[in-house]
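Okay, got some structures for you below.
You will see chain A twice below: alongside chain B first, and alongside chain C after that.
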Partner chain A sequence: MSARSSDDGLARLWANLRAAPRRLRETMFRSGPPVSDRARSSFIFGNVFLHLHPARVHRWSLRWATTWGLGMIALSAFLVTLVTGVLLMFYYKPYPDVAYESIKNIHFVVPTGRFMRNIHRWAAHVMVIAVLAHMARVFFTAAYRRPREFNWLIGMGLLVTTLGLSFSGYLLPWDQLAYWAITIGANIAQSPREITDALGITASFDPGGLQKLLLLGSDEVGEEALIRFYLFHVMLLPLILVALLAVHFWRIRKDGGLARPADAEARLGPPHPATYPVFTEAPQKTYHLAAVVRGRTPAVGNGPEGTVPAMPHLLYGELALFMLTVGICLVLSVLFDAPLKELANPAVPENPAKAPWYFLGLQELVSFSAFMGGIGIPTMVLIGLGLIPYLDREEAGTGEWFGGPGGGALVGRAAVFGLTTAVALEALAIHFGWLRQWWPEVPQLLITAFNPGTVLTAIYAAYSLWLVRRHNSTRAGALGLFTCFLAGFVVLTVIGTYFRGPNWEFYWSPTHWPGH
Partner chain B sequence: MPAPHPSPSATPPRSARGVTSHANKILLLVSSLATLVVLGWAALEENLLRDWRVIQRNYAAALPPDAKASFNPQLRQIIVPALRTTDRCVTCHLGMAPGEQVVPGQRLFAAHPPIPHDPGEFGCVVCHGGQGLASETADAHGTVPHWPEPLVPRRYAQAGCGSCHTHLRVPNLEQLRLGQALLERYDCLACHAVDGRGGTLRPGGAAGLPAPDLTLVGARGYDPGWYAGHLRSHAAAAAGPWRTSFRPIPDDERGALAAFLDSRVGAPQLIEAKALFHSLGCRGCHKVGGVGGDDGPDLTIAGQRDPGQTSFAGVPGERSLAHWFAEHFRNPSAVVAGSQMPAMGLSEEEIDALVLFTFSLRRSPFPEAYWPRDRIRSERFGEREFATDGATLYGTFCAACHGRSGEGMRYPGMTPFPAIANPDFLALASDEFLTAAITRGRPGRRMPAWGVGEGGLRPAEIATLVNWLRKSSGVQPERDPRPPRWVRGERSEGERLYRAACSGCHGPAGEGAEGPALANPVFLSTASDTYLVETIARGRRGTTMEGFTRPSPTRRALASYEIHTIVAFIRTWEAKP
Partner chain C sequence: MSTAHPSLPRRSRLDPEPVARRDFLGLAALWSAAAALGFAALGALRLPKAAVLPSPSKKFRVHLPESLAPGEAYVPPGRSVALFKGADGVFAISTVCTHLGCIVKPTPHGFDCPCHGSRFAPDGSVVRGPAPAPLPWLAVTSAGGGSVIVDEGASVPPGTKVAV
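Let's turn to the complex of A and B:
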């Protein structure tokens, strides 16, 4: 081997070494620097994380008023809880008493532990609120309609999983708040006993007891329940949530992006000159072929003029929302500590023992009838929500806020109606009592069937049917029903949160509670 | 027909890149900057502004230069796994941290006052309460919501002993004061120091050894032959303290001295407070450790009261347990709605002592290996935590209702409690009658049964009480040759007389009002006919019960056969269940 060729070898090695960072970058991002719209599009679909986005996105979807970014906020809050939750797992010990001590240690000793726990807690609340608001947005913009019916169902699954995640996390600190909230929750799970007891068949057929046993692994909240909730919280439910999220996002694209009105183009006006022309190079967008074949994509016949590259338009929006969510969680965490009460003590019941806030509406209903409040009405509501996209087969108003017959005015009237009815029924029940106070001997089954909760549900349903008739539209009925239930949820939650004291009695303010 | 709806986006068209994207960028910039600022603040707060970091900086600044260099700012803690103690108090109270220096002149960095225990062995919360896990001042002191055990105030610090030393054997206040007075009178304090007083002279002269400090003599024990030794030295000495400061002490006074010395365990305020508790008769209504009456709440762990579970509605002013306890002693029913406890008319000093004592009722559930001798002796060997002489027993269990010297009590809103030291009563009541009355109580009335299964007193202790009643009053029972039941009489006539003369005080059905209840099964089964007849005939001097064989301005005298008919009538209540 000559000296010259070995010099060559060294020179090549040196050159390759110098080129290594550039090549690393090139191999990581296969499409080159994202300097043109085409390169940006390639960047999006060449990236495993980003290719959930379309390469180009419709301008209608980018309007803030289309979504208010609620889905992205929910996802961001989830990511925040994911990261902080994993950090908390380093120190948390899922065993009674030790769990409480480990939370105290996280709070007082672990560097930034208190901050992480606060972020985790507030991000979880942000997530619940964002998921609920996102659902309302999708409903009010009629975005659940064909072809997005199934994604609406996935979304409901995500809502239930989110509530499950939040609820299972509630027990982990093992303080009085956690212990009694979970006790309440477990008793709600047991509420079918109200029916079986009234029928006298609990001894042989006890689905309520079985439900509670499955939830707690024992008759009472104890170490079995704690390890169970821990497993739900850090393993099962996050896995389910991530799986559902993947389907949810995938379906958004497969169902043709976000819902928008047929005349979205016209409403938006001509695009900014800087985004035009689109097809300066050969189009690489082939993935919509299936949609083209089905003939439902708005691109058919319209051309892609309404779209802009997802990078940077969509990405900036998403990043901004993510940082906004992070910022909100951080500010909340600096201002407020996550609650931590006394060590759980089965001998000293919290009075009132309250479930997490998003279940306080249910708890309010449970105070009238455990079965109806805990199982009956929620099941009816979930079935009703799931049926909406299959019953509402109309076209008018898709993608518009309060779109459909009646529109915003109908929603406004329904909100007033829903609020008034709920407040009036509550006032009646609080002031005059209910059947049991009037006729102490009244059979429980009658109360189960006929209580403020069921009456309210029936009134809402009747109102909704009347709207269907009046506007000759299922959508109108759905708008009214959804708005009423939202209003009822708010009224019941507010009453449960602020106006219920010891023994679930009504008080204008906690300062009037006896013993305080 | 569907109603027409307005178009929701009637606003002028906006270009995607021109407006929205730019706004997104601004939002991203602002939220990122805000996040950075908050993160920066959190880092600053975490690393510089924590209470304990500030305190440790101050501490380091106060240290001499060489110690300052080796001082390592970090959390410090005392860990006792068996007690589940993790106390981070020494993170700030650095003078008490093992291996750290005291900074003179600064209370926070002072050493622990001398106590028989090493704080490093038990931690801090065991005695003082508070939240050992915490590293912030307010949390650590437990004066925050949702911490059930706030710090016991410094002035009541000796209450902390009650976590473990639940069974200190303490006499009543009078005995305690007697022992103390004897200590002074016999000039023991000339040579011996007790609780920080005395001990100025050295018995062997200025060059000799100091006399032993007696502050902890009750816990550490002392030479039982001390008196003989003192006598010998006294006899051998020609001059000096042995001659001038010592003189022979009679046996009974030596006994009172010994009782006082036994109570010198290093917690004089706690002992004094418990002695007061043993003088007021609180345990007539309250159980402590299974012994006491049932009318009031069990006080065994009353010092562990959770302020969060306590109503401060009737307690104006400061929201602290100490204040709650004090207000409660001043006026129980104003603090606890529906409380049966009478206002005891206590002085402020007494209230303060009782607050201390209440804080000391803690009895923490530690493993037995950590029990002190007094607790083992009591819970395993049956010794009492109260002195079992008659005076202390009476003070502990009887004084609240029957008066400190048996004169009876009247509390507003309650039926009067009988004067059991009344000589007319003691002359007629046999010892068996007294013993039965104490053991079985008065069912349905406030007098509880004091037998082992109920109030928890042992037969020997009840006998001691009866003897003490006799001894302190000097009244012996009259001999009664008759059988317990001998009266014959016309019941209907007795009923008529009872209605006229007795029912005003004893109630139409003998249920008791101003006077004691007569229709009480235990009373009727243990009172002899002689007792009843003679009580009616002679009355009770000093009470409203007059002797009925003498006429009064409002009625004539009763003949003895009439008294018999009344007794016969009273006996008819006995048959009823």
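Let's turn to the complex of A and C:
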């Protein structure tokens, strides 16, 4: 009797052991394989990593032309930098000269080190481009409008944090490029002195000096600056970025998904017959989730119109974009090495000393006035961008590319206007010089207030106000202004990148640079 | 006033609805906590601003080469200072650009900045470019025996020369 029951016990143990892998899987994924609408939904909301997704997503949001996947590409690039960045931290030592040695080690000695460093660098570039392009997409499709105003502001925070991450990473190799780019950056932080010096109040009121001191921990770029930039780059800014990302994604859901035109359904036409059924289990009663979810109540017997399950449609799209981003970074990393110049030398600047490419437009502006180019105009642009969703309270064109009065034709004209104005002003300044060449005694405050950068900003603002009047629409003005600033950014960046040589002189080609 | 409910006491701007005791205590707790945390954060923000800068001494002694011609710049190794010797004495001009901190290069006609194209006259005044201020003249004292002590942290009015 007792022998048989102990046999049973052993048999049960054996059976349970054999079932353990299956049960582990079942307890991890309780809803089973995603084959029915219900299981597809719980696949999403039963998973802590996926549950920021909606269970069902509108067909309009899945069109490539709606987003071009730019936000997802930016996120993918961030994830790539996160992984490769942690790997680089195994060897990197944030101390002057030792830092340079450790980067050289990573580049030439550490197995896969060069590859990881290249991927980190290229993913950072991809992230900056994707964030800028994503912002342009949201602007041009008027997706910042009610109820998404605040998420546009969060997105601006993400843009600034992304640029901060790039900039702080720039110092870490401690080579000539890094040292002089950060010296210039720190002195831009100090540039409010341009105003306070001119007014003679620097001794009592010196916000510029304070900013530089907080950034560098010293009055020059040294070990204090390096450890601070390291802290910003690997801890502070990534934490801020992740926090902002969480809010950004959460609000996409809470604001009702992606913006789409009111007649999205009609524009899309009937779904392709091969698509997974748009809605299978047609309910016979009204949902009422008004307290939880914004938007209209789905009609009886019709289901949530035009939506398809996020699993597989959205998730596989995201996976494709992630793999595309990884692929782009890998290919670029195989083809192009991240640069590493000579060890930083505080006595001899690089000539020309150039910041990363996305700051070269700003560098072009600071070559007219440090304060206006480095702080004044960027602040004005950020305030202007932040105000857009609160000033444009119109409805026409939401969710459409170049939607709103004027449309694509207006954007085209504004692009031509923005490009020609920027090129003409640059040509003027390059050919004839500016105030100081004409009148050497001119007061600095006049140059600060009146230089090619501020003139360009004023012309763009005036053009935009004229558009508001002409089309009787704030959106038209915003379209013009955003396009102009984009055009100006491109012109200044191209000039800063390709046409500026030693002593920041204008050269048609780097082959004309004098030897030095 | 005529639409007010008859059972409610009449209130005016001078005689407002009193705040309930619990509401008052709750609000007081909230604002005290906010103020305490705010001041704590402000206090913590003092930490990143160093009270004593870690940079090395800005004074250094240098022996001018005998062969230095008038108007010719001598840049001591590793220093951002150009020293000149004239008939009426020695003077030092900082080579840190007043625009964005690059190191300017002495040339026969003054100083050139490699970063954003500022140009300075031999006396340090701005000739062209974005620099908002002239290059400062630095305090020089004679240390005897043909050597001088330069203080990079102290500027003097342009034109100040020291006999060696």
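As a working rule, the second predicted complex is superposed on the first by the 483 of 516 C-alpha atoms of A that agree within 3 Å, B and C clash if a C-alpha of one lies under 4 Å from a C-alpha of the other, contacts with A are read in each partner's own complex, and residues count from 1 in each chain.
As a convention for this text, contacts are C-beta pairs under 8 Å (C-beta built on N, C-alpha and C of every residue); 3 or more make two chains touch, one makes a residue touch a chain.
Everything numeric here is computed off the predicted structure, so don't read it as measured data.
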Chain B versus chain C as contact partner of A:T497, first or second or both or neither: neither
First, second, both or neither for A:T202, with chain B first and chain C second: neither
Partner contacting more residues of chain A (chain B vs chain C): B
Partner chain(s) touched by A:S31 [first = chain B, second = chain C, both, neither]: neither
First, second, both or neither for A:L62, with chain B first and chain C second: first
Which of chain B and chain C A:V348 touches, first, second, both or neither: both
Partner chain(s) touched by A:N47 [first = chain B, second = chain C, both, neither]: neither
Contacts of A:S369 with chain B and chain C, given as first, second, both or neither: second
Where chain A meets both chain C and chain B, residue numbers: 348
Chain A-facing residues of chain C, complex: 48-50, 53-55, 77-80, 99-103, 112-117, 125-130, 132-133
Complex contact set, residues of chain B against chain A: 1-3, 5-9, 12-18, 20-21, 23-25, 27-28, 31-32, 34-35, 38-39, 41-42, 45-46, 75, 86, 88, 133-136, 139, 146-148, 306, 308-309, 311-313
Of all residues in chain A, those that touch chain B in their complex: 59, 62-65, 101, 104-105, 108-109, 111-112, 115, 175-176, 267-272, 274-275, 308, 312-313, 316-317, 319-321, 323-324, 326-327, 330-331, 333-334, 340-343, 348, 396-397, 400-409, 471-473, 514-516
Chain C-facing residues of chain A, complex: 180, 183-184, 186-188, 191, 193-194, 197-198, 210, 213-214, 217-220, 222-224, 228, 346-353, 363, 366-370, 433, 436-437, 440, 444, 447-448, 502-505
